[in-house]
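Order of writing sets the chain letters: A, B, C and D. Residues in each chain are counted from 1.
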Amino acid sequence: MQTEVRYYQQPKVEKPVMVCGLPGIGSVAWLAVNHLQKELKAELFAEVFSPMFSPKVWLTEDGLVKLMKGEFYFWKNNGNGSDLLLFSANEQPYSPEGQYDLADTVLDLAQKYEAQRVITMGGMATDKVAEPPKVYVGGTEGELVKELEGYGAVKLAGGAITGTNGLIFGLAKPRKIPAICLLAETPGYLSLDANAAKSALQLSSKLLNISLDLQALEKQAKENANAVQKAKDLSRGAFLHEPRKGERELPYVS
Amino acid sequence: MQTEVRYYQQPKVEKPVMVCGLPGIGSVAWLAVNHLQKELKAELFAEVFSPMFSPKVWLTEDGLVKLMKGEFYFWKNNGNGSDLLLFSANEQPYSPEGQYDLADTVLDLAQKYEAQRVITMGGMATDKVAEPPKVYVGGTEGELVKELEGYGAVKLAGGAITGTNGLIFGLAKPRKIPAICLLAETPGYLSLDANAAKSALQLSSKLLNISLDLQALEKQAKENANAVQKAKDLSRGAFLHEPRKGERELPYVS
Amino acid sequence: MQTEVRYYQQPKVEKPVMVCGLPGIGSVAWLAVNHLQKELKAELFAEVFSPMFSPKVWLTEDGLVKLMKGEFYFWKNNGNGSDLLLFSANEQPYSPEGQYDLADTVLDLAQKYEAQRVITMGGMATDKVAEPPKVYVGGTEGELVKELEGYGAVKLAGGAITGTNGLIFGLAKPRKIPAICLLAETPGYLSLDANAAKSALQLSSKLLNISLDLQALEKQAKENANAVQKAKDLSRGAFLHEPRKGERELPYVS
Amino acid sequence: MQTEVRYYQQPKVEKPVMVCGLPGIGSVAWLAVNHLQKELKAELFAEVFSPMFSPKVWLTEDGLVKLMKGEFYFWKNNGNGSDLLLFSANEQPYSPEGQYDLADTVLDLAQKYEAQRVITMGGMATDKVAEPPKVYVGGTEGELVKELEGYGAVKLAGGAITGTNGLIFGLAKPRKIPAICLLAETPGYLSLDANAAKSALQLSSKLLNISLDLQALEKQAKENANAVQKAKDLSRGAFLHEPRKGERELPYVS
């Protein structure tokens, strides 16, 4: 069995921007792309299956089976901004080669549709809750980094980005696709940090020239904050690192 | 060395149903398919060898060597129900890619013989002994789930199925082979839960419209129950999680 | 880089028997094949290199580099017995697929030279020193097992043989090459058990109809026995399981 | 995704010597090749990318992304000595097969440019600070070992060299490229041992007939020595094994 992309339709997008987000620290990137897909009602057009994902299947509430997979969505922009391609997945491939392989597959599709830019996201683990979370930016070109700094991002001056989100970003460079990676600050103990996802999306929407309703993320962020506060009240002085694992498994972080 | 299927004969089956069961939690699926093969006197027609199995060989009581492998059996139904193809193996492949690979190989054979349906099985670990064990069902289609609910199965509304039993089930979907997975409740500490296997088989036989003698499984179930009771009497209040490993190695569970 | 066999000459052997022994428990098989090669002055004719071996190189006392590898020797029998092909290696491949791969490569060569039989060896770990060590035998055919029982071997009625020595033996079966595996009893704590190797070789030489000088092995066995006795004297009542690792690394056992 | 060499230019070198050094114990080889590249102002002409490197990317101080990779440099010698090809990488591939694969790729390039000799380096961990560090030498041929002994190296009479630096050296032999490996003594607790790198380079420069300014390494060595002395003063009698991990990750050692 090989990694395989199955197309359900061939979207007619023009010079799209591709936005990618796989699960990672705080699920920042995954939450952001998910929100984007739902708010814009972006349409599924292809899926990628691979033996590099975990050897398991999922069941829906209706008892229907789902494979581990990546999903590609598209969105035709009727305004001034860019058409979009979105990519996310249930999880990051479990092996290093699998992560390179998936990143490569995603960029093949980006090139097929002549994507003009690629945006990937991720979380940057800190020990504290930042309000609002800062967003760091790295790029394949200095111009892009500067553009994002103009929107309020902080230059990521050193360090490493681990996992598929980082590889999609890095492997875009030899393909000469301009790419950026946005890392939002997130306390390490949150499994689903909607607040960080919101910060990353706000910057992305400026770059994309899209106005985006972020209420759903804000609501989830508030609920998270309340839950954390309650836990703090209960455990004053004690460890607060347990809730790290959420209901979703997040094997690799970015 | 590649994964390879060796055919010993080409069975003439018509629109068969394929029933698969590899070792997993409580060996439920493995016991069920084994019982089916023995009761129906299903005939071996092919074996699959693969470097994805453990690097070891087995010896029979006569000192004859056996490779780790999967086995395909067929059964011509002279009554009203379906012809059958059966698949089992000594173990699940030790690597995740190996599990995808084997699942894919099994489904290739299912398609070659135009299998109309695929049934896989497994155990669902609980902490207690259920009498009788409930059987949960997931499917590739809602119709199938409903049909099984009609026979007494409980819809599996969420969760994950790990390992090759789950992958055969899930990978049937993109191939458009209707498939179900039956998970029988089993206490986690039993290595060979004949009682759970019996429950899964009872449901399968309804779907297959086959009447099946289950006495051998019932006998084994009774022996297990006695052994567990004795252990409980001895260790009142102590841990009862030791007998988890039986005489067979079960590297992956489903 | 692929697994590759490099030939230095094409030996003219007739209906040879192949004897294989890679490092394993007590290095029994490795010692036996090594002794055979030295006593018979068998000639190197091919080597196998593979990325499946450990990523390291060795240096001789002269400072010359050596790769991890397997070696094939041949011996023309001028008497009544069989011509021989010998195979050994510095180590067993570190990955399971690598072990299947090497076993397959060895059997390809066996078929190329029309080997009539394959003999593999190994150690069977026990807790005590047996004098002399029993030798167990498994085979691809009942005839072979009986023949060896006639020479004093004990039928291996069940159990598993792990590693490359076992796989060469098992994979010979589907290729229809008659094969046996001889396992000599060895206490688990000896890294180089010359006594067990001697027992395995004595049986092999009967099967091969070769008279073999075993003095070198006997001498080493005596030295080992003395060393063990000294250690026992020193540690009366204490654990004697430390000297398990010798100066050679033995990653897999058989 | 496959291992891929990207050429930026085709250097016109004549009968070059190739010098290779990947990160390992004390980063000896990496520091040495790095110094060589900087002092000689050797020019980048090719890079090797591979899914065998870690699944991550790096960022420069300007926020620009860099992939994990290997780099090839060349230097035209206008004096009497040899033209040079240099090879280094951010890290050693994380898997054993990856290390064989990279070593093979490097030697392909060496053959393409008709390299006359290959020099690899590494650290040999000792428990003490040697002043100056001894340099051990192994070779593909006795002549080479003798030549280096003439320059003050000590013959490496036995032992193993682990990792990619060792494999490049060893795999040169079947390709019939004369090769040596120089191992400089280094205390195991230094992450960047400039002093050992200097010793290895001094010997290399004699073999290469190149005069080399080693001041930068000497300066770094002095700083290291001061840092170690301070740590000793602080921890008299305590463990001094912590500073083993520097700011760079060094997954495999040589």
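Please note the rule applied: a contact is a pair of C-beta atoms (placed from the backbone, for glycine too) under 8 Å apart; a residue touches a chain by one contact, two chains touch by 3 or more.
Fair warning: this is a prediction, and the values are worked out from it, not measured in the lab.
Undergrad: Specify the angle of rotation obtained when superposing subunit A on subunit B by their C-alpha atoms, rounded to a multiple of 5 degrees.
TA: Rotating subunit A by 90 degrees superposes it on subunit B.
Undergrad: At the interface of subunit C with subunit D, does the proportion of residue numbers present on both copies reach over half, so same, or stay under half, so different?
TA: Comparing the two copies, subunit C and subunit D contact each other through largely different residue numbers, since under half are shared.
Undergrad: Any idea how many Å lie between the Cα centroids of subunit B and subunit C?
TA: Here subunit B and subunit C have centroids separated by 38 Å.
Undergrad: Rounded to the nearest whole Å, what is the centre-to-centre distance of subunit B and subunit D, using the mean of the C-alpha atoms as each centre?
TA: About 54 Å separates the centre of subunit B from that of subunit D.
Undergrad: By residue number and range, which residues of subunit A touch two or more other chains?
TA: none
Undergrad: Based on the touch definition given at the start, go ahead and assign the chain network to line, ring, star, complete or other.
TA: ring
Undergrad: For this structure, enumerate the chain pairs that meet the touch criterion.
TA: A-B, A-D, B-C, C-D
Undergrad: Per the contact definition, I'd like the list of subunit D residues that touch subunit C in the complex.
TA: 96-97, 99-101, 103-104, 137-142, 145, 155-164, 166-167, 169-171, 173-174, 179, 181, 252
Undergrad: Show me the residue ranges of subunit C that touch subunit D in the complex, using the header's touch definition.
TA: 1, 6, 49, 51-52, 54-67, 94-95
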